[in-house]
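Below are two complexes that have chain A in common, paired first with chain B and then with chain C.
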Partner chain A sequence: MATTTTTSTPFPFPPTYNFPPFFTPQPNTTTRHSQLHKWSLLIQAWCRHHRQYRLNLIEAVDTPLFHNAALRKRLDLREARAVVDWMCKSEEEGGGGRRAEWIDADGQKSVAWVWWRRPEEWADVVSEWVEGTGQKGSVLTVYEIVQGEGSASQEFHGMDFELMLKSLQVLVKRGKAQVFGSEGQEGVKFF
Partner chain B sequence: MFFKALDLTTALRPLLLPDETLLFVQDAVGLYEGKYKIPNYQNGHAYLTSHRVCYVAAEEPRKYSVGIDLKEIDRAEYQAGFFKSSPKVTIYPKPQKNNRANGSRSASASPAVPPSHLHSVKSLSTLSQSTKSPSPKPVNATWICPICSFSNPVPSNFDPATATAATHLPPCLACGINPPFTTVLKAAINAATSREPCQLPVPTAEPHTQSNGSSSLGPLERGGSVSCPRCTFVNHPSLVECEMCGAPLKPAGAAAAGNRADSPAPFFEQTRVTNTEVSESIKLSFRDGGVQTFHERLKNALIQRKWLLQNAPPVPPPSQATSSPSVSATTTLASPQPAPPRSQGVGIAGLEQRGFEARKNNEMVIGNAFEDLEALMASAKQIVALAETLARESGMASTEGSAETNAVLSESAAALGMVTTKDMLRSGSENLYLSELSRNLAEYLTDDRKGILYREGGIMSLIDLWAVFNRSRNGVELVSPSDFQRAAELWEKLKLPVRLRRFKSGLLVVQRYDWSDDKTLRQLQDWMEDLRQVPPEEPLAWDWAQFGRAVTAQEAAQRFKWSVGVAAEELEMAEDRGILCREEGIEGLRFWANHLGA
Partner chain C sequence: MSRRGVGIGAFANRTQATQSYATHGANLRSTHTASLQTQLSVFQSLLHTFALEHSSTIKSNPTFRAEFARMCNTIGVDPLAASNIKGKNARRLGEGGSFWTQIMGGDMNDFYFEVAVRVVELCRETRSENGGLIGVEECRKRVGKGKAIGSGLQVSDDDILRAVRSLEPLGSGFSIILVGSKQYIRSIPKELNTDQATVLEVIQLLGFVSVSMLRLNLSWEKARAQTVIDDLLADGLVWLDAQGPEKEYWSPQNLLDDSR
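Moving on, here comes the complex of A and B:
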């Protein structure tokens, strides 16, 4: 399900990606914490680079993200799950500040949202765009927002449909928008 | 007899001479010079070795430790405890050369006034070396005339240190017979032995008395009257001498006892006694038991005279068949040795003399034979150990016989003399055994000749040490693992130069006291830094200039001469401190400088 839009420019890996211990879970808590943090940043950067919103771990473990072919090192599925688990936790819980969310949390935990922007942040971006383009009070379909010509220059162009709805729900809660219509054909009115 | 300075080992035990063996150790021992407690020498360990009696104070042992050579000791006497007075062993020095003529006789002193002070014998001067003036004489000593048994005063100009048989002695006051010189000398020495400790001001009431002493158990007062300290006759208080026996009486007021906080004896003047001459005797006060064993072993050591063996050639094999004393006796009888020039006696006198010589010879042979037997009994344990070692070695030589094993075994002979065994201490003194064992271990570890710790890179696991240590004991008096661990745990408490350290995994290691984790960390960091400088031989997938290279426990062990187990623990310790981080791969566990940390 993950969008596999590959861009022309290669992803610039951070230096730690070439540090072999990066792929071994560290027993020392402090070291482990900063190791997880570095992994979290890497995954977010990777997803942003590839315009990816959800990460299917089973597929991703074979991508360069988790597999360093030069070092012949990889992060196996279990470890990748541990990293995403950590990202899911808030910072108060000693986690990575809710930078991910399991889509199948009760199941086998193989697909997760990666919040390189959290829905709240997306909501800000969308409302800014609406304001900036003077579309307040007008009604747009979700499809128009995501795929329309008007948002072509925006970061959320081509965004995951579900994520866009999540972000819009945030705006609804803030009282800045109203979502109506049946499933698949939602329309949004911005205030 | 002198108090000699003592060399202490790193573990604060007396440094033993070659051939010297440790016989007994007892803690909570105090030292007396004559009757005087020596300050700062009141709580320590007494070490009895085959050559010396050593005292090592528990506090400031380097400052307050002295030894006395057994060869200067004439005899030792046991004195039982009484109320607050702890049991003691009194050690008498061999007489000085200038009164050697009488020494042997005074040594066998028979009526010796017991060292207790139940009878206060009046005395005399303080010691010449403590007062620096030889003037005061033992004026209050009395000698008993062997003819009429009258108590005569020892003349005031009689000095036991300088007097000889030629000194003029006044005759007995009652019968006019000149006394034997020894009687007077003995009396003077006895008086000096029980001389009065503290000097109280002489009351004006008795101006002519030179008595300057008072005993704590002095004359009893009975309604103003004073009982004579010698004959117990109750005298009128105004009398200065006993009506019956003429002994000087002390004023009643002088009976006031001195300070006796916990032990009745007063203190000696000097605070450091090293190189001080012992004038009459020293006492070891055993406040926590062990006196019987100490005395027994001291007596045995004095009989065995092991110090004579020092630098002596090995015992030559007996030339004569000495299977039994009687056989040797007959052989000597049959062929008198030509060595002693036979006196040219003739007639009956000559025969008698030859018979006498023969008897003397036999006596000596039998005496020697039994002495040998005793010596054999004493060293039975060593001989058994030796036999066992030889048996083992010959068995080993056929199987593997590695050079190192043999080296360890030969080393162990030296170590054998140094070890504390349980039977050196009285049973039940588990703590003392452990602390002695602990000191033993510390010595063993820090011994530069063996360099055990050094060879192991300054750190060694306790189990390895246990194995090596027990091996060096040649299979005798092995230390149990639990005792061993408890002894090792005492290091820190006893302030010894080694310490026991527990790694996270529970591994116990031994290392130098001044060795700390920080030192290890610095070493590791330096090493990592070095690795970053050296360009790799083959191209690496990572930036070696930034990350350096990984190391394994084996490499670390090799570099720092640690054992692999220790190296692994040290690396993990460094990881725990955030200096290193790990990489698990198909090559095994490797460690890197921590570039993951923020």
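Moving on, here comes the complex of A and C:
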């Protein structure tokens, strides 16, 4: 499971990235909110660009995402955690609309899902694809969905297995699919 | 007329004189008004023809529009005021509508209202990032780009200013302020004091400021410099960068492009 796949085109950083104060937590709450929002967008865009679904903060603090070498500014681990913490909260709690989720919430908080699409949103994409390609009622393995030729043009092609299972679980809850089989060899039937 | 009369008759004389002066004055005034009125109507019809002839250019070309508006301004015709006040009512009453709605078919004031809506939207969206202060130029660029594809409006700085001014009757608290040589739209009804304006001007020139820079360049006391900066920070008008050797304060004016 590759967490860091490099794509050929370089990531287009937004202008904010070259704004030195972007890397310092802002003392003014309103400004801070705006800053966190921008970080959230940047992290999502970065992960999307690199087809990355989980973010390991300990590794990521040394990548260009959190480290602007040209400006010699960086977001340290503690700050990066604060940003992801904010992303995890819903908008009602004054957070970033649950755009991230800690995988090790109880532990040291170093790996998180980054939801540039939430599992529910992925579920929609998958079910649309299933419907569009007339695979309703047929049985597919999860491997086929993620790695198969049929999904080559889809955004979820090559996706994290665990995330695909999460998304399929959403479809199960909606009564639109059934997942069976043992771990690692799951199959799924769409209704 | 004549030398001053003597005795009681003089009073009568004087009243007479005042009266004839008054009538003569009234005469003069009325002829004056009449001639002015003719002039005005001639001018109006000329302006009419001009606006009609060039209406498409006025609508599509921002520079031309600005020049046209400037011309109207110098001769004391405010296109916005004319369309603002009478536009809606007149249309409802089925009359000819205001001068401008007649000529431009309501497009002119609708155009400025549209711009005003965009400006308000933009100011609201970016308030948390720039503390309610946005450069007219940045604003124009953003309005020009638009949000959805094809929704960009080709506008000039002048159009933006006019649109902001058209909001005034609403008591919206939107105002234009001048810092240094640059115009800003202030969307929070709060005044900047001279020190704050000075610091913002310095930031405009140098990109950022620090306490020691202010002390050196403006020979301010440390406390004074710090207070001004703290105030600006509290209002969200500057952002702090604490990763350098000294704390630096930057203006968020160039951030706009990515906040989509």
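List of remarks:
The rule we apply is simple: the second predicted complex is superposed on the first by the 189 of 191 C-alpha atoms of A that agree within 3 Å, B and C clash if a C-alpha of one lies under 4 Å from a C-alpha of the other, contacts with A are read in each partner's own complex, and residues count from 1 in each chain.
Operating definition for what follows: contacts are C-beta pairs under 8 Å (C-beta built on N, C-alpha and C of every residue); 3 or more make two chains touch, one makes a residue touch a chain.
Keep in mind it's a predicted model, so treat the numbers as computed, not measured.
After superposition on chain A, the partners chain B and chain C collide with one another.
Using the contact criterion defined above for the overlaid structures, shared-chain residue A:Pro14 touches chain C, although it does not reach chain B. By the touch criterion defined above, A:Lys38 reaches both chain B and chain C.
Once chain A of one complex is fitted onto chain A of the other, the partner contacts of A:Gln26 extend to both chain B and chain C. Applying the stated contact rule after C-alpha superposition, one finds that A:Lys73 touches each of chain B and chain C.
Contacts of A:Phe190 after superposition on the shared chain: neither chain B nor chain C is touched. After superposition on chain A, the stretch of chain C that runs into chain B among 57-65, 111-119 or 237-245 is 237-245. Across the superposed pair, chain B and chain C both touch chain A at residues 15-16, 19-24, 26-28, 30-31, 34-35, 37-38, 72-73. Chain A makes touch with chain B in their complex at residues 15-16, 18-24, 26-28, 30-31, 34-35, 37-38, 68, 70-73. Within the complex, the chain A residues that touch chain C are 14-16, 19-24, 26-28, 30-31, 33-35, 37-38, 41, 72-74. Looking at the complex, you find that chain B touches chain A at residues 541-543, 546-547, 550, 575-576, 578, 581-585, 590, 592, 594-598. Chain C contributes residues 127-129, 131, 208, 233-236, 239-244, 248-250, 252, 254-255, 257-259 to its touches with chain A in the complex.
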